[in-house]
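Once you scroll down, you'll see the structures, which are given as structure tokens.
Both complexes shown next keep chain A, but they swap its partner, so chain B is in the first and chain C is in the second.
The block that comes next holds the complex of A and B.
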């Protein structure tokens, strides 16, 4: 009973953080000590360790399902939704708590958004973080280490704190722990998907966008403990790997819909930055070089990462096998170039392996789920009834 | 031997059924039991133990489902522990005691084939939607088409019309069948059609002619759905409107007019198709999971 209350408390906190579009949590954190700074970052991945080592709060920005009044004026109709809601929140003051925003290289839309940011908010810090697409250690390593040192210098200037190697190693340790805790929950969900509901796991990850890593780690540990005391009924659902949602996030209702239609999501790419590095960053040695090298050696294979030698889709097939997925749902944001350009290659790869798949598109403000429910429901049925054929 | 229950929550009622399935041999023959021998020559036996329909009447569907399940258990002389698999369908995915959920189309295909031997398609006409489902001999859905979210041509629409005309739902079919001069409805929009009906009433047109006109308008839409889904041969009507003899008559007439070789029939228990199908698929899944050691 006590554990149930603990779980309920975590769920309520996560839900409140998910709904905190005005960043009240960030304002409260900044108000606790004078001079604190918070920097937003767009999906998917930035080295949050560097910000943390400078005493800066990294704040993950993932758009919102809000009414767009001014945001549409900045983008063509054939552009995804997340830049519209981000601009909307920026111009309506929701993001005022931020002292700057980092735009990692993921697609042209996010790159252009970084340029617009510079023009619209010249007094705020704005950086386009050009993550390497060449993963060879020599040139790419040198380039990325230089890029990270520039970022570190920016963060030192902004915060007024020098980033010592020890501080950065401590930040690496905390984020390594964070990735470890997230992956443990992903493993547990794959093992007992009825026990770790995807909606809960998703909200936990979203909470990490706003909370300091120390607090988020404690929350993840508390959830793990609370969930072990829960007895949840195992349903006869199909096991699905969901892919394509690495940047613009689907509305919560869509995740609910997929789960309720008879699918257990046993792996996904929601809030992917939380586990974009698939191995821990070494905690000894040159911390900046370690961050760079781990990125080069252990970046997750996703649509916005250039893959030279291997076949696109191999990683998804491996993921499916490892998670005992019975099918794949390609769920990408409308007009998401990286996801949709990859999809033919990736779907061909799963098809070759005889893994059934279905596909649909969404936007972060999609409000009608009946058609998706019908599609995922019948997909789940077909796996359960005819999956062996 | 497997005992499985199916619970179908629709927009106006809850349908509940319990089956005992024997000699299935663990194969997914999905309704080929109607005349097809599997399992080494021994024909699977699917026995309906109990079934019932409960109108929602503004009650909480989950509460109604729970009560209905208790009632069918009692009627079958079983306790909850005797049932190996409870399958939900329709809007039943929130039923707490379910083991699994199957989508409406999947269960109606199975239920239709259970009730109408050799059915190659099902036409599910409920309170809010209509779906044409084309399936193979094992109830595997090959193709489907459904109406949009517009209320026109649905059971709810027909209920409204019956109320305007002052007739009971039971009278709708016979009145339509007896009518000789159907009054043509000008459009498929529910709002405009209802306006038409009010005009017909004020002009003194008999209720039967109005109903037949509506049935023919609905039948036209449904036949187009069946055609688009690639339906041929025997078609089993399922869902709440399967009881409407006027609609069945109009469907067969329209199919004949369009020279489509469809034999459209409504089983007396056609409204139970979703619940029956859910229970039968549930029985299959139980056996499948049992073989895998995870039942």
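The block that comes next holds the complex of A and C.
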């Protein structure tokens, strides 16, 4: 009973953080000590360790399902939704707690949003972080290290704190632990999906967008402990891997809908920055070089990363096998170039392997889930009925 | 003295309703150059030439050409030329049937559709399969996915050239060193392997020297639009002017000759006080001078152009004419620093500039070319151009005080060109410019 209360408390905290669109949590953190700075970042991945080592709070921005009043005036109808809500929140003051925003390279929309930010908020820090796309060994290392050193110098200037190697190594250690804890929960969910509900796991990851990593690590550990004492009923659901939702996030209701339609999500790419590096960053040696090299050697194979030699879709098939996925749901945001351009190649690979799949598009403000419920419910039923044929 | 104009009958597969098309002599030259290139491609199996697919922005044409036995193919040029011949509608649908989303770039879908329909190019001959995909990832994320798709299609090797974006409006030493390293250690070895020949830096230098000559003449042509009236249209007309230098001909003698000829023609038109040549002949009196942002629509290219010249509107500067290089801002290929120069060329392509740089450039064009209108043709397919254009519109209006206009269409998907809608908008826009003039008076 005690553990249930612990779980309930974590759930409530996560839900409150998810709904904290005005970044009250960030304001409170900044108010605890004078001079503290917070920097937002767009999906998917930035080296948060560098910000942390400068004493800066990295804040993950993932858009929101909010009423758009001014954001639509900046984007044509054929552009995805996340830049609209992001601009909306910026112009309505919701993001005022941020001292700047980093825009990692993921697509042309996020890239151009970085330039819009420079024009619209000239007094705030704004950085386009061009992650290397040439993964041929030895080619991109020096460039990326130089980019990271520039970022580190910017963070030092902004925070007034020098980033020592030791501080950066400590930050690496904390984020390695964070990735480890997240992956353990992903493993546990794949093992017992009835025990770790995706909605809960998703909200835990979203909490990591706002909390200092030390606090988030403690929360992940507490959840793990709390969930192990829970007894939840296993259902006769299908095990599916969901892919395509790495940037603009679906509304929470849509994740609920998929689960309730008879699908256990046993792997996904929600809030992907939390586990984008598939190996820990070495904690000894030159920390900047280690961050760079780990990215080059162990970046996750996703639609926004150029895949040089490997076969397209191989990673998803592997993921599906490892998680004992019985089917794949391609769930991309409307007008998402990386996901939608990738999909024909990856779905062909999945099909070649005899893995069933279905696909739909969403936007972060999708309000009607009935059609999707019918689609994923039918998909789940079809796996149950004919999946082994 | 007036420029020579040749009347040409439209090609049989190019149903241009009504009148014959009028073309300047340089256009005839260009037509021959393009035809010879497609012929060379069609004959490549016999001649032993190898085929390298690459993209227009950030293309390393001199490097490819320096091997003597490599022929470039630019998939986006195939797509746009097919669109001008009204063929891409089916190609796009073919790709969508294969699972490509209606939301994504129609260039990609037209290319996939063409590949799945026998790979018959715009000239009616088969485009050979690539021996190498040179992925010049410059200013457009879709390029990455496009060549992943083509690699699946053709099982061809890829040489990756990642051009870092000018996010802060500058090119750093480490960005340049990264590019040079990729060219040296990835691109050249893969070109050598496909070619079977060693890279010859002196041949590259020779080609770069020729590029420079042609670039000087191109800039003179583009800048002729600073005159009133302008002797050229720097958007619709410039599509033809930039053709050779943005594609297979930069660094060749043919391109040097073409641009020399073109410059002569334009200077003659200027001396004679003539305006641009349109598909229907000499344009009437110049009434509006516009700066245009964004690529043109290709499926209804002539209809779109007609909406301008019928109203006496001439485009005096356009960002599209800079998508394959920003020569008018001083960049020249440099034989003394060949690889660095290729890197700098890639950095400077228009869509590799950040939005503040784009706004500054467009505002500069408005002032330097004495424009009285700024129009955006926003392309559904192209987020690289389009994301942020509504802010660009406001910023340019604010900085220059001129009237801004906004229309939407697509590159090669005919479903997204609504002629009546765009025409109504254009008419209203010209009225807006008139009102603004009256207000100013």
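Rule of thumb we're sticking to: the second predicted complex is superposed on the first by the 388 of 389 C-alpha atoms of A that agree within 3 Å, B and C clash if a C-alpha of one lies under 4 Å from a C-alpha of the other, contacts with A are read in each partner's own complex, and residues count from 1 in each chain.
FYI, a residue touches a chain if its C-beta (ideal position, glycine included) is under 8 Å from a C-beta of that chain, and two chains touch if they have at least 3 such contacts.
Just so you know, these numbers come straight off a predicted model, no measurement behind them.
Participant: Would chain B and chain C fit next to each other on chain A once aligned, or clash?
Facilitator: Because the two structures are overlaid on the shared chain, the partners are seen to fit without clashing.
Participant: Just checking: does A:14 make contact with chain B only, chain C only, both, or neither of them? Give me first, second, both or neither.
Facilitator: neither
Participant: Can A:53 be said to touch chain B (first), chain C (second), both, or neither?
Facilitator: A:53 sits against neither chain B nor chain C.
Participant: Look at A:260 in the shared chain and tell me whether it touches chain B only, chain C only, both, or neither; answer first, second, both or neither.
Facilitator: Touch status of A:260: first partner only.
Participant: Quick check for you: in the superposed arrangement, does A:385 touch first (chain B), second (chain C), both or neither?
Facilitator: In the superposition, A:385 contacts chain B only.
Participant: After superposition on the shared chain, which partner residues are touched by A:139: those of chain B (first), chain C (second), both, or neither?
Facilitator: second
Participant: Rounding to a multiple of 10°, what is the angle at chain A's Cα centre between the Cα centres of chain B and chain C in the superposition?
Facilitator: 100
Participant: Answer with first, second, both or neither: which of chain B and chain C does A:76 touch in the superposed model?
Facilitator: It touches chain C, and chain B stays clear.
Participant: Could you say whether A:235 touches chain B, chain C, both of them, or neither, answering first, second, both or neither?
Facilitator: first
Participant: In the superposed arrangement, does A:340 touch chain B (first), chain C (second), both or neither?
Facilitator: Touch status of A:340: second partner only.
Participant: Counting residues of chain A touched by each partner, does chain B or chain C come out ahead?
Facilitator: Ranking chain B and chain C by residues of chain A touched puts C first.
Participant: Between chain B and chain C, report the minimum C-alpha distance in the superposition, expressed in whole angstrom.
Facilitator: Nearest C-alpha pair, chain B versus chain C: 19 Å apart.
Participant: Is there a shared patch on chain A that both chain B and chain C touch, and which residues make it up?
Facilitator: The answer is that chain A has no such residue.
Participant: Looking at the complex, which residues from chain A come into contact with chain B?
Facilitator: Interface residues on the chain A side: 233, 235-237, 260-262, 370, 374, 377-378, 380-382, 384-386.
Participant: Going by the contact rule set out above, which residues of chain A touch chain C in the complex?
Facilitator: Result: residues 73-76, 78-79, 83, 103, 105-109, 111-116, 118-120, 127-130, 132-134, 136, 138-140, 142-143, 146-147, 150, 303-304, 306-308, 312, 334-338, 340-345, 347-348, 361 of chain A touch chain C.
Participant: Applying the document's contact rule, which stretches of chain B touch chain A when the two form their complex?
Facilitator: For chain B paired with chain A, touching residues are 28, 30, 85, 93-94, 96, 98-103, 105-106, 140-141, 149, 281, 284-285, 289.
Participant: Flag every residue of chain C that touches chain A in the complex, lowest number first.
Facilitator: Within the complex, chain C contacts chain A at residues 98-101, 103-105, 108, 135, 137, 140-142, 144-146, 148-149, 152, 158, 160-162, 164-165, 167-168, 172, 174-175, 177-178, 181-182, 185-186, 354-356, 358-359, 378, 380, 383-384, 386-391, 395, 408.
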